[in-house]
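Scrolling down, you'll hit the structures one after another.
In the two complexes below, chain A is the common chain; its partner is chain B in one and chain C in the other.
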Partner chain A sequence: MNLRLRTPVSAAVAIALGFIVLTSLVLPGLAALRNQILNWAMLLTAIALLLGLENLFQVHLQKVRTGDKATFSLILLVAMIATFIVTLWEGSQGQLANWIFSNIQLPVETSLMAVLAISLTLAAARIMQQRKDRMSLVFLVTLFVLLLSAGPLFGIEFPMFTKTIGPYVNNFLSVGALRGLLIGVSLGTLATGLRILLGSDRPYGS
Partner chain B sequence: MSYRSGQDPEESLPDWLKDLRKRQSQESSHSDKTNKPHVPSEQPNKEEPSWLTAIRQRYSHSETKPEAARPDKPEDALSDTQPIPPNRTTKAHSESSEQADPSPEPSVKEPEIGETESPQPPKPEIPAWLEELDQPESPKGEEIEQISSQIPAFMEGTTEELAPGELPSWLQAMRPSGVFPQEDTRSSEMLPGAQEAAGPLAGLSGTLPAEPKAIQSIKPPVYSTRLDLTDSQSRHVTALEKLLNDEAKPSDDRRTPATLPARLLNTLMGVALILAVLFPVLNQGQLAPRPDLEALPESKAIFDLIEGLPSGAPVLIGFDLQPAFYGEAKAVIAAVLSHLLEKQAQLVFVSTQPTGPVIAENILHDELANQPAVTASDYTNLGYLSGGMAALRHFLNDPRGSTVSLTALGLNPWANPSLESINGISDFALVVIVSSGAEDARLWIEQGAAELPSGLIAVTSAQAAPLLRPYLQGNPQTLKGLVSGLRGAVVYEQLRSQENIDSRAQWDAYSFGLGAIVLLIFLGGLYERVIHLQPENRTKRSPHSPAEKETTGSQRAD
Partner chain C sequence: MNLPAPLWIGLCLALILIFTFWDRDNPRRALRSIPAFRQLRRTIELSVEDGSRLQISLGGGTILGPEAAAAFAGLTLLRQVAEIAADSDQPPLATTGDGAILLLAQDTLRTSYRRLNISDHYQGTFAQTTGLTPFSYAGGALPLILDHNISASALVGSFSEEAGLLTAATQRTGGFSLGGSNNLTGQAIYFASSDQPLIGEELFATGAYMAADPTHLASARAQDVLRWVVILLLVVTSLLPLFALQ
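Take a look at the complex of A and B:
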């Protein structure tokens, strides 16, 4: 099937399935068909995950062949193959698979998050050197207010921040801004859905 | 025209022509004496034969005769320009066709070698004998008129009598009647003014063209595909192209190494943070006061919901925690799950993150290993639900029909007697979302809040709490309760009148770490503002100071 034929067919399939799922929300008789379509989507997502894994394998295999940072790519390939085989053999709840996750992946990711806290502290301390404008000053003042209201500092609590200013910022200023943000996200989602249903936007390929 | 050598061409002429030439020569000699026209210098060559000299002289005389016979009246001189009447043209044509001229035409003169050209171009000459033949009425002219009178269509009206745009009578007779529309006053405006060039209407103006311009095939113009860009547009294009190319390239890992004071400062700040966190953990003095219970009413709402659950109630837990937030969220998750397990709730775990089921198992076995339900594995972990939002929508519609990792292995988790009553999502007594980010919790709220009569509660990390507050404060309230971060864990333990040693130590470390962060940011900003920028202030006061020169020189060197 050439490209000229494939594009209208894929668009027609996507639009038809979108309309079926959308109308099934108001027509109870189409619930079974909707569930079947969503089940297909779940299986396709799982297959896409495998394709992503295969792509990652190919990229790093190519790096090993060309010698571009081959050491790191080789470590990644070995770890990937070992974890995949172990998990495939005894399942995700197996003893060895659980050990790999609990003693390698979990500490590494948690440590990266701890390093991120230190990095953000350094960046905030240097913000007046990098950007000496009014917005930097506003950011720095807001940061101080929220940090002081997050809890006691060195065991000393500041009630003005923890009981007055902090709750006001969290319950009024922050909520107001985030409601506007969520309305914008909802409108954007609605527009994106309409564009896909009308065929003007084709994220599945042009 | 060729002559035989040694033969005089004059001898071969007929007698009547010889008499005619003789009379012409006499007339020319007479005119020479009277007018004396300019004769080109054609002196007879001594080497030429006598007969050729005689012919040359005779022709020279004949050339001067039209000038001598030029009419005096200008009307007669311009008579050649007047249109020739048809009868006269036909008559002359018939005469010339009937009389085959046997004599050589003297008007056509071939150039001869050694002849000097006259300054004026030679004019077409009509011999005198031909003019004489043309003057009297030919006896055959009557016959020609009779023949021409037999063609009335051409003779009834001349072209001078027809007005432009009118058809002759003979052509009108050929015209089909009633076919063409009547002309209106717009014809002259609508029709082209050019005359018809071909067809039966050739020469007429104001007619419809035989080939309208609309159907004439015109070669389409060829437009150039090259864009004419100004310099400014070219610069913008180059900048945009560079931006897109740089976006595709990976970032350069080679960074400029920090100077020694900067590296020392970074190291000191990191060490200060670590020491601030380690101090309360090693001291175990419970230095930081616990937060007020009234500060987090949303945590109290969760506590009340769980307290109201009947024993053995099925509770669905959407476990979407990522490994990086395990250390922070572990305490608050353990606090809520322990409360549920104490209420003997039937826990069912499902996750839209691949690592979610493993983290749930870790928390259950690390933090809640003393709970009887965990020891007896009296809970259900459905596993990973692939497919994101679509899969979540399907799971909320039909939990038993969804494909999760446990069902993919061939097991049937719904065969558990405690889950026999679960046919839909509304059959769960409570749905708890355990999430590290706001996006995962938002999916659960937007997809499932309308179908859950008991509502949703969320247990999250501290970073997700501000983004979920709009759902918590909305009307209708789509999120019934929220407990987040280490502060939420401490508050929840206070609500349960319990105090976990680990969470207490974490709270103290959190307090000292928070203080260290505020202090470092304050000192860092003070250093950058006061100490590091002092040279700049001095240079502003004295623009031509040596310090400015040094700074400028170093910048140039860089």
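Take a look at the complex of A and C:
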């Protein structure tokens, strides 16, 4: 028996539910229905998370079988199963689950953050090689100004940067630019949502 | 001045509908040039010719938050890339840090394969969850970029600091990287480290520039008009106190 929803049905369900959530903004009477729909969505997202884990498991199981960097994948699989069982047994706030998070995951992610710091410093230094344009120059000059205005550098302070130019860049120029970018992102988000409601953008396949 | 959200939604919807019908005969009109998309198209063509692989990263945002819109832009790009490169020797790979977006990516790829009549070539592992936190996602995606003959990485979705690791890995392979994020930290990192960054709302114009349907083009134009409306409102509301009209 094929239970796969055909496209018109799935599109109709997605559009109808989206429309209800949207109209609940102007019709407060629909708020209860909206909350119900959002609760269903949260439940489905949690199930999808499990499917994501299953995909991760399958990918690495396949690597172990084919011998493609099998050791790393085997470590991941063992760690994944162990963490899953421990967390299922004593909950996410359990002692052992917390130990795994604080002593394995956190240090690994922190070390990745350290690698990132080096990568970004190199990237900033190489920016003029990558893109020789006006904005790259503005980026480098701003970076230089902010570094000088961050405080005494090797014991030397430049009051013009720390007291005048730095605060001006931080409080006016960057805040204005940030707001401009946020407005752009908000408009894009709004347009994307409406395209999905109109059924022209179907992230669930078409 | 506080304009209610339904007014903005209604205005945006009206503009999209107007431009969809108005520009039907001349859809390419008035789209400014974005070098990132031009170069990405060229890279996709080259990768099909030289048998290398493309990687689309959809980021780690959840589908329930506003960051989902960025992932949807990534899914639009994934569909376009898959329809060009799916039947090549090295089909494109998609990575994500969220289970729900993984399902959507798999569905998008499956649909593209079906359209090309090569459904039997499709594998579920063409879309992968590589980790569920930002850094574990990046950590899982790194070997994929470094070991799979990746010639280009399109990082379009919700990314923050971890984006720097992905662009650095792409550069190590000598590949092209395009980065777009709804997150401001992610955008700053892309500006410094990717070959072509998408700034601000450019991310959401992906569908329009990668040759999608007229609604994407209309939506890009609606965004342009709304941006001018916002600028006008900002200027007017700044000047009102001067004339004591507030």
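In the analysis below, the second predicted complex is superposed on the first by the 178 of 206 C-alpha atoms of A that agree within 3 Å, B and C clash if a C-alpha of one lies under 4 Å from a C-alpha of the other, contacts with A are read in each partner's own complex, and residues count from 1 in each chain.
We adopt the following convention: a contact is a pair of C-beta atoms (placed from the backbone, for glycine too) under 8 Å apart; a residue touches a chain by one contact, two chains touch by 3 or more.
Note that this is a predicted model, so its numbers are computed, not measured.
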Notebook entry, point to check: After the match on chain A, would you call chain B and chain C a fit or a clash?
Noted result: clash
Notebook entry, point to check: Touching A:P8 in the superposition: chain B (first), chain C (second), both, neither?
Noted result: neither
Check: Now for A:T192: first (chain B), second (chain C), both, or neither, which partner does it touch?
Finding: second
Notebook entry, point to check: Who does A:V26 touch here: chain B (first), chain C (second), both, or neither?
Noted result: second
Notebook entry, point to check: Who does A:L56 touch here: chain B (first), chain C (second), both, or neither?
Noted result: second
Notebook entry, point to check: Looking at the overlay, what does A:D201 touch: chain B (first), chain C (second), both, or neither?
Noted result: second
Next item on the list: Using the superposition on chain A described above, determine whether A:E109 touches chain B (first), chain C (second), both, or neither.
Entry: both
Notebook entry, point to check: So, does A:F139 touch the first partner chain B, the second partner chain C, both, or neither?
Noted result: second
Notebook entry, point to check: Between chain B (first) and chain C (second), which does A:L178 come into contact with in this model arrangement: first, second, both, or neither?
Noted result: both
Next item on the list: Touching chain B in one complex and chain C in the other: list those residues of chain A.
Entry: 38, 41-42, 44-45, 49, 105, 109, 112-113, 122, 124, 127, 178, 182
Next item on the list: Provide the residue numbers of chain A that touch chain B in the complex, in ascending order.
Entry: 31, 34-35, 38-39, 41-46, 49, 91-93, 97-98, 101-102, 105-106, 109-110, 112-114, 117-118, 121-122, 124-129, 140, 143-144, 147-148, 150-157, 162-163, 167, 170-171, 174-175, 178-179, 182
Checklist line | Touch list for chain C against partner chain A, complex | finding: 5-6, 8-9, 12-13, 16, 62-64, 66, 69-73, 75-76, 96, 98-100, 102-104, 107-108, 110-111, 124-125, 127-133, 135-136, 138-140, 143, 147, 161-162, 164-165, 167-168, 182, 184, 187, 189, 191-193, 195, 199-205, 207, 213, 215-216, 219-220, 222-223, 226-227, 230
Check: In the complex formed with chain A, which residues of chain B make contact?
Finding: 266, 269-270, 273, 280, 287-289, 291-292, 295, 322-328, 354-355, 357-359, 361-362, 381, 383-388, 390-391, 393-394, 397-398, 401-403, 405, 409, 465-467, 469-470, 473, 487, 507-508, 510-512, 514-515, 517-518, 520-525, 528-529, 532
Check: Quick one: in the complex, what on chain A touches chain C?
Finding: 22, 25-26, 38, 41-42, 44-45, 47-53, 55-56, 58-59, 62, 69, 72, 105, 108-109, 112-113, 115-116, 119-120, 122-124, 127, 130-131, 135, 139, 178, 180-185, 187-196, 198, 200-201, 203-206
